[in-house]
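Chain lettering (A, B and C) follows the sequence in which the chains are written, and residue indices restart at 1 in each chain.
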Amino acid sequence: MLEYLAQLTLNGLITGTILALTGVGASLVFGIQRVANFAHGEYMTFGVYVALVLNVGFRQDLVISAVGAMAATAVLAVGIHFAVLRPLRGRGLVALSLITVGLALMLRHLLFLVAGAGIHQYRIDQTAVFDLRIIRVSPGQAVAMAVTVIVAPVVALFLARTSVGKAMRAVSDNRDLAGISGIDVDRIGAYVWLLAGALAGLGGVMFAVVQGPFDPNLGSQVLFLIFTTVVLGGIGSAYGALVGGIVLGLVMDLSTWSGFAGGLDARFRPVLAFAVLILLLLYRPQGLFGKARVL
Amino acid sequence: MLEVTAISKRFGGLTAVSEVSFSVEAGSVTALIGPNGAGKTTVFNLVSGFLRPDGGTIRFAGRSIDRWRADTIARAGLVRVFQAPRVPTRMSVLENMLLAAKHQPGERLALSLFAPRRVARREGEIRRRALEILELIHLQHLADAYAGTLSGGQRKLLELGRALMVEPQMILLDEPMAGVAPVLALQLLDHIQQLRNRRGVTVFVIEHDMEVVMSISERVIVMDEGRVIADGSPEAIQNDERVIEAYLGRLAPDGKPEPGGTTP
Amino acid sequence: MDILNPAFWTFVALIAGIYVIFSLGLYVQFSLAGLPNFGHVAFMAVAAYTMAILVVRYSVSLQVAAALGVAAAVCLGLVLGIPSLRLRADYLAIATVAGGEIVRYLAMNLPGLTGGPLGSIGLLGPGNIASYNQEWQGLLDRLTAALSIPLGRSATRDLAMALLVWALAGTLLVVFWRLERSPWGRVLKAIREDETAATAVGKNVFAFKMQALVLGAVLGALAGLLLAWQIGVFSPDDYQPTLTFYAYLILILGGMNRLWAIPVGAAAFSLLYSGTRFMDFFPLSLINSGSRAFLRLFLVGLLLVLFMALRPEGLLGNRRELLLEK
């Protein structure tokens, strides 16, 4: 019983930190650009496939593939920002959301056309398992944990200590105030897309590593978990997304524990996430750490 | 006509309105004045139902309305006109007027589909009334223009006209003179007085222009920092120490400033 | 299939007609009432599933099952609408997609109720093949027989279906056109522009929005039923969020706020859709038929982006109204 709980906690933490890392980028972007980016999942998928090409096609190890994915996705994100989103900024929230939906469809199906509908997998031996008595860790999970332990503090430090990081948080928190205090909002906006793209690429790769087999639908499956993370942590709050992601990951996995009145069937975890998202939007749109903006 | 008793409103840590009580006589023109941030617009929002009071009661024409929705209050005869004119820009002036009509059965879904003749007949009546009012406020030549093409002053006139379509017993005017060219301002002023004189509509107006306030209102209510600090005739208010202090901050060291022209 | 084959065109017309009804439902919610419902497909799903379950498991007659299917969609609209109508536009968009996805996930994972991933075939449990379509096919056969008197051999089931669908679509278009120009439509227009102004002149904004939502649900349900009857089977995968965005694309092609552009948009969309499925000439012949689905969806996305970006007034619209921003 307790072992099972420990295992669920580990799984939840791992999912949670992946959500948290991706969520940081997404939250900053949502906070600054103020548009629900329905293509964020596809940015992740894009990173996943770049890493696939590097890992399987060019026989690079996973670390280099991940770094390559981060770089490529960062470029993609910034490129789309300059080419499509920035010029059309004045069109209104719904119009921009529709445009991101269109971009998502394009990206996803371009990947389908290029990579085919079949599933792929990175070159990790998924059959090996580290048995630590009360918990078992798959190689994918081990990699994810290692990445998190390294990357998460780096990101947190970047946001807390560097001037660019602080500027990002300022713009995301209150765009007008930041502009008045001399921050070049446009430039920071572009940097945020770079960061968000890189984190999306990394997050995607981590998801793929933990999950094992994947196809171009990976991003769209995760998109709403990212949205929930962002809203839960408070739109625009980077630290909020870190906390929100971990909370969401833990809640989703722990909800299946039999100790909670039999537990939720694992198949319904996404439904739980959707329900949480809807409830948050309805009753506490500022999430945990966001500001209660007057809607 | 309007009785407000001890209403309050807090926003987070900020108390915008605190224990405010006053009443507005039927058929009068009453002004609500006070420095910026005194809570005047909040009071308007509370009275017209756009905000819920945290405490206190509001009675209009004998009925308790503090729990009512804003649209119900408007239909009951208490109509709010906003400081920044809210006129749907992509509708024509005439459409704006037609919109505001009470009792158009065509606004009910079922009747719109199944009782077209009744709807059309009522629409004709409403149209005539709208054009009459437009003539009154000298906007009839713009009836088919998009409201978005009107100047600020013209939009204010339109909002006034629209308020009239709702057959109000009382109108809340929020700074009607603000940002309006002097020529139109005179027209507005005239219309406001006609509202009371010809149609018996009670007027409750927030205004900063003291000349206007003094010339048209029978009673003045003064607010500062969320409270009512004075309530009386324009002459009495002018000489009230508390009012002067509120507007000027502190009394000058050598005594009160000159009162406005009348012997105390 | 060759482009000159009348069966192809009948099929295009048929799908176009169903999408007219579907998109009209979205039009009422979005273009008339200003509600960006990104989960419109859920109305289709709920209606189709309700109808199928009632017919297959409880042997309910077609008309009653259909009526109850529409009622179920209306219930969904009410349940979703009452709390969420006060949400800001983009939050409403996210909440409605999430709502639609909940419906789809539940359909996928409650095999006892919905047949699970198998969809309508699985409604009678494993090992049985369930079908809900007999009564409808019977109806179509009678109609086809009636049509064959004037038309002889050209009278096919698809043609009968297409005529039925377009009769319904045409009627609905006229009804909603009149509604749009009625005082009811005028209030909605004002609500779209400025809710506060509408409230200040005494309109119950919530009630009007709710009415638009419910009407949209009814139309979505009708489209869902017709589609289910046409195809004969369905599964949760047929109700992906993508379908809602087909409807948005159709509205966008028509410029978002012209009701009579909907048939044009639907026809263009249906042609794109069926064309990539059935036509075999270059350059489509380069892509195998399995991958054509991806191409189709890629094009949908591309068109969404291009039209929203470059031609928001659609194929037929005018820019004048668009320019009068607040």
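The rule is short, and it goes like this: a residue touches a chain if its C-beta (ideal position, glycine included) is under 8 Å from a C-beta of that chain, and two chains touch if they have at least 3 such contacts.
Remember, predicted model here, so these are calculated numbers, not experimental data.
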{"item": "Most centrally placed chain - per-chain CA mean versus overall CA mean", "value": "C"}
{"item": "Chain separated most widely from subunit B, comparing mean CA positions", "value": "A"}
{"item": "Centroid distance [mean C-alpha coordinates] between subunit C and subunit A, Å", "value": "32"}
{"item": "Distance from subunit C to subunit B - Cα centre to Cα centre, in angstrom", "value": "45"}
{"item": "Subunit A and subunit B, separation of their C-alpha mean positions in angstrom", "value": "50"}
{"item": "In the complex, subunit A residues that touch subunit C", "value": "35-36, 84, 87-88, 91, 93-95, 97-99, 101-110, 112-113, 116-117, 224, 227, 231, 265, 267-268, 270-271, 274-275, 277-278, 281-282, 285, 295"}
{"item": "Residue numbers on subunit C that touch subunit B, as the complex places them", "value": "175, 178-179, 182-184, 186-187, 189-190, 192-194, 196-205, 211, 215, 321, 324-326"}
{"item": "Contact footprint of subunit A on subunit C as seen in their complex", "value": "36, 38, 83-84, 87-91, 93-95, 97-99, 101-102, 105-106, 108-109, 242, 245, 248, 252, 287, 290-291, 294-295, 297-298, 300-305, 308-309, 312"}
{"item": "In the complex, subunit B residues that touch subunit C", "value": "48, 50, 69-72, 74-75, 79-82, 86-91, 95-96, 98-100, 102, 104, 106-109, 112-113, 116, 119, 123, 146, 148, 162-163, 165-166"}
